[in-house]
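Two complexes are shown next, each including chain A; its partner changes from chain B in the first to chain C in the second.
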Partner chain A sequence: MLLQVENLRMHLHLRRGVLQAVDGINLHVAEGETLGLVGESGSGKTLTGLSLLRLLPKGSGRIESGSIRLDGQELTTLPEAELARDIRGRRIAMIMQDPMTSLNPVFSIGDQVGGPLRNHDIARGTALRSAVVDVLKRVRIPSPEDRLGDYPHQFSGGQRQRIVAAMAIGCTPRLLVADEPTTALDVTIQVQIIALLRQIQHDQGVGIILITHDLGVAASLCRRIAVMYAGQIVETGPVRAIYRSPSHPYTQALLAAIPRLHSKRTRLAAIPGQPPSLIDPPSGCRFAARCPMRMDQCAAPPPTVDLGDGHSAACWKLAN
Partner chain B sequence: MAGAEPLLSVSGLGVFFGGGPDEVQATKDIDFAVYPGERVGIVGESGCGKTVTGLALLGLLPPATTRIVGSAMFEGQNLIGLSRDRLRRVRGRKISMIFQEPMSALDPVFTIGQQIGETIRTHFGASKAQARERAIDALASVGIPSPARVHDSYPHQLSGGMRQRAMIAIALVCEPRLLIADEPTTALDVTIQAQIIDLLLDLSTRNGTALLFITHDLGVIAETCTRMLTMYAGQVVEDAMVDDALVRPLHPYTSGLLRSLPRLSERGTVLPSIAGRVPTLRDMPTGCRFAERCAHRQVGCDQAQSIARIDATHRVRCHRHADFVLPGALTEREAAA
Partner chain C sequence: MLELAGITKHYRTRNGVVRAVEDVSFTVPPKGTMALVGESGCGKTTIAKIILQLERPISGTVRFEGADIATMSRAALHAYRRQVAAVFQDPYSSLNPRLRVHRIIAEPILAHERPGRAALDKRIAEVLDIVGLPATAATLYPHEFSGGQRQRIAIARALALQPRLMVLDEPVSALDVSIRAQVLNLLQDIQAEFGLTYLIIAHDLALVEHFSSDVAVIYLGRVAESGPTEPVFANPRHPYTQALLAAVPLPDPDHVLSETAATGEIASALNPPSGCRFHPRCPHVFAPCPATVPPAYPAGAGHHVACHLLKDSPA
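Let's look at the complex of A and B:
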């Protein structure tokens, strides 16, 4: 298995208390596979992604327990210097939501795309230049050799996201964490970035974790998804199984809330309320307070129930 | 809607920015009508002019750097060129607007109650006590669980969904005839978005408020609106009933936009993408603005395109519309299901 995460807990130690941002996550990604990590804001999907790279909020973030193994190598205990040298940006790369926050406005594109290749000692001099041109070609920047000296603002939004992707794949990582890579883009550009990610996966056999709140985007790229709610994975399985028969009440509510093109004028099923605070969250099911199927049992932590075919959900209703 | 008088009738609306020799035209020849109680969506990608159109109607564009041509008739008066004083009497009272980011519309140094009360006192001359009572009612009507507490809270003390509700309450407290909603749910999570959409539909059905819904999200349009205007590069390229547009779009851009939507039901299908990009304002073609990216381009597309009426409810800005059948987001069969 390319990536195996077991019982990962990452908490934020804040002045007002301990925020259980990532609380007992299990997931795995095979070579060349795309796993969708879906959920709403604050569900912990981005912090899960950042935890894999140990990019934790300074001063407050701490991995409490659990294991992250990349090609069998344990990352949670790896010294920071080794992690920075061999893993971060090298074997695991990340694409962020807003390309303008990943690109430095005062450095040329050639400099920035070449940065990771230089830092990881992959290429220098003329070899570096041709490696940069090559990777920009792979993400379909037209005539890259003429544009190495251009700055981020001279590119369109879609092109900037391609350049960020080029920075990420330059060192041929094993795993790519893409955090809302299409969210800041218009739909017609979004389509192009989805096609690009599919091409990267196909050409390089890289494993991808796609973090998104958009189930449509997840459906078009992933074979498997994991649904997060309040710091935990509540349901995971093949995309088709989850869309056809969502089993966790939260997944059901999430799917019902998506505006559809052909369900017009039937009311969206709005679930009341909001997710709980993750400082002292309920000790039982974290969705219980909003759940239409709540029972007495839900005050205790729900078991993860195997539904077959790699599909599972954490809910008391399914255990009975 | 035949027979009824439109509530809002926009014609030849165009917005210019910059002034002098550097002036650019952001929108051109915008024509459309909204009937009482009707829910109309404006869709298009960033920069197509949908927000500018909404802001122009309410006189919210900076006057020093903006020139507006055309007219927007609302209850017998032309909103374009209306004096500031007269516009203030319309704005917030007859027409309200809600925005994508509630924090940019709410004033951080006043409580929600003070902000909502100001609207009530400006337009109705109510006493402080009456205003408070009415404000709390308005907050309750948008589904805020403890309205009295929220009334006395500052914006930063509320969650995103609650702030959006508070802004909607302010917009609706005077029971406007028309609500312009500019991406009101874009910054929200889907479960909260569903709550806000329910609320807007409910208020529009109950009070007969017409809705002009500006969004890039076609799913939201399909759920909320009966008619949709598609904008491209500063122009309306298609005006159709939503059901019609989703299944039988007549403009190649509408078709391309609809087909680029990722669908929950299909995995691994390659979504068709539209090549190229939107022309810039300084470099706008004189002919069809979409021609350069259009797979159906032909002789004649370099001529300026007027918007043609196909039937009572469908208009399109493409001289070739009769030459082809374009795919939409749904097939006839899916739409019937």
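Let's look at the complex of A and C:
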């Protein structure tokens, strides 16, 4: 297994209390596979992604327990210097949401795409230049050899996200964490970036964790889906199982709450209420307060029920 | 109810003239929901600003119930502003963090009338009730509410003067999926109860199809296709509308996205393409496209398509 995460807990120690941002996450990604980490803002999906690289909020973030293994190597206990040298940007790379903020406006594209290659001692001098041209070609920047000296503002939004992707794949990482990579883009540009991610995966066999709130984007790219709610994974399974037979009431509610193209105009099934605070969250099922199928049992933490074919959900209803 | 004719707006910048909106015309039917849909920079928010009189067009007219808002008397304009309200995208920046909810909702009322304290409190409690918030919410500050609740406060403020037209600029795009449905349902309930007319600006096509009765698809400042939502979405005739619809990832793992419906990038409004502004990206481009601006050809009841392909094959 490329990536195996077991019972990962990452809490934020804030002045107003301990925020259980990531609370007992289990997930795995096989080589060349895309796992979609789907959830709403505050569900902990971005912090889960950052925890894999131990990029924690300074001062407050702490990995409390659990294990993260990349190709069998434990990352939670790896010394920081080794993590920076061998893992971050080398074997696990990240693509962030907003290409405007992940590119530095005062450095040329050539400098920025070459940065990781230089830092990780992969190429120097003329070899570096041709490696940069090559990776920009792979993300389909037209005539990259003429544009190495150009700055981010000279590119369009879609091209900037291609450049961010080039920075991420330059060192041929094993795992790519893509956090809302298309959210800042228009829909006709988004479709091009989705195609690019597919092509990168096909060419390099890289494993991808796609973090998104968009159930459409997740369906178009992922082989498996993990649905997060309030810091926990409530349901995980093959993409078809999640969309065709969602089993957790939250997944069901989420799929019913979105307007769909070319479907009958019926009233949307709104989910009442809002997610709980993760400082002192409910001790049982965290969705219970909003759940239409709530029972007395839901006051206790729900068991994860195996539904077969790698599909599982954490709900008392399924355990009975 | 609201009629825009030949609206054009250009901005002068250091780098040249931005042709944000070019000869845009459409009519918002009374009690209907008109959606302006398009990608960023297409001019949809500029159009909303012109309707709200936050911007002046360089040519064209906006008529509200037959009267041109550019030539209205002061009194008529005052009355117009009372009847048109707006809800903006971001409920974090559209509510003043220093004011209590009571004052936020009272401000538009006090700009138009002088109710007594008791009448004002009653009105505020009423609009809070309409949006599903308790009367006690009036004593709190915006930061004490979640994003969805804040958008309810913004809607309550918009309702305070009992407007007839509401301009909704991306009213749910800053909200989470599970909260969006709550706010959309609320907006639909309010519209049905008070007979409001909506103009909604959105980039989410599924939302537009669900929410609107009429739609105008805008590309680089020009209307590409417009008409009743149902035929436009069921049978889109403009290649840009077709490309937009084909590019939407559906929550269905068996749906195959079209990657070829629109190639390349959106051009700059600083230097828009000649003729049909979509022609550099269009898979069906032919001789007249770069040469002349296509007129809006009729394609069925109220359905118009600005594309040269329709010249010889109308409705």
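In the analysis below, the second predicted complex is superposed on the first by the 319 of 320 C-alpha atoms of A that agree within 3 Å, B and C clash if a C-alpha of one lies under 4 Å from a C-alpha of the other, contacts with A are read in each partner's own complex, and residues count from 1 in each chain.
Assume contacts are C-beta pairs under 8 Å (C-beta built on N, C-alpha and C of every residue); 3 or more make two chains touch, one makes a residue touch a chain.
Source: prediction; values computed, not measured.
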Fit-or-clash call for chain B and chain C when the two complexes are aligned on chain A: clash
Chain B versus chain C as contact partner of A:E6, first or second or both or neither: neither
Contacts of A:D111 with chain B and chain C, given as first, second, both or neither: neither
Partner chain(s) touched by A:E64 [first = chain B, second = chain C, both, neither]: neither
Contact residues common to both interfaces of chain A (with chain B and with chain C): 40-41, 156, 158, 186-188, 190-192, 194-195, 213-217, 219-220, 239-240, 243, 253-255, 257-262, 265, 267-272, 274
Residues of chain A touching chain B in the complex: 40-41, 156, 158, 186-188, 190-192, 194-195, 198, 213-217, 219-223, 239-240, 243, 253-265, 267-272, 274
Touching residues (chain side chain B, partner chain A) in the complex: 45-46, 159, 161, 189-195, 197-198, 201, 216-220, 222-223, 242-243, 246, 256-257, 260-274, 277, 329-330, 334-335, 337
Parts of chain A lying in touch with chain C, wherever the complex brings them together: 40-41, 156, 158-159, 186-192, 194-195, 213-220, 239-240, 243, 253-255, 257-262, 265, 267-272, 274-275
Chain A-facing residues of chain C, complex: 39-40, 146, 148, 176-182, 184-185, 188, 203-207, 209-211, 233-234, 243-255, 257-259, 261-262, 265-266, 281
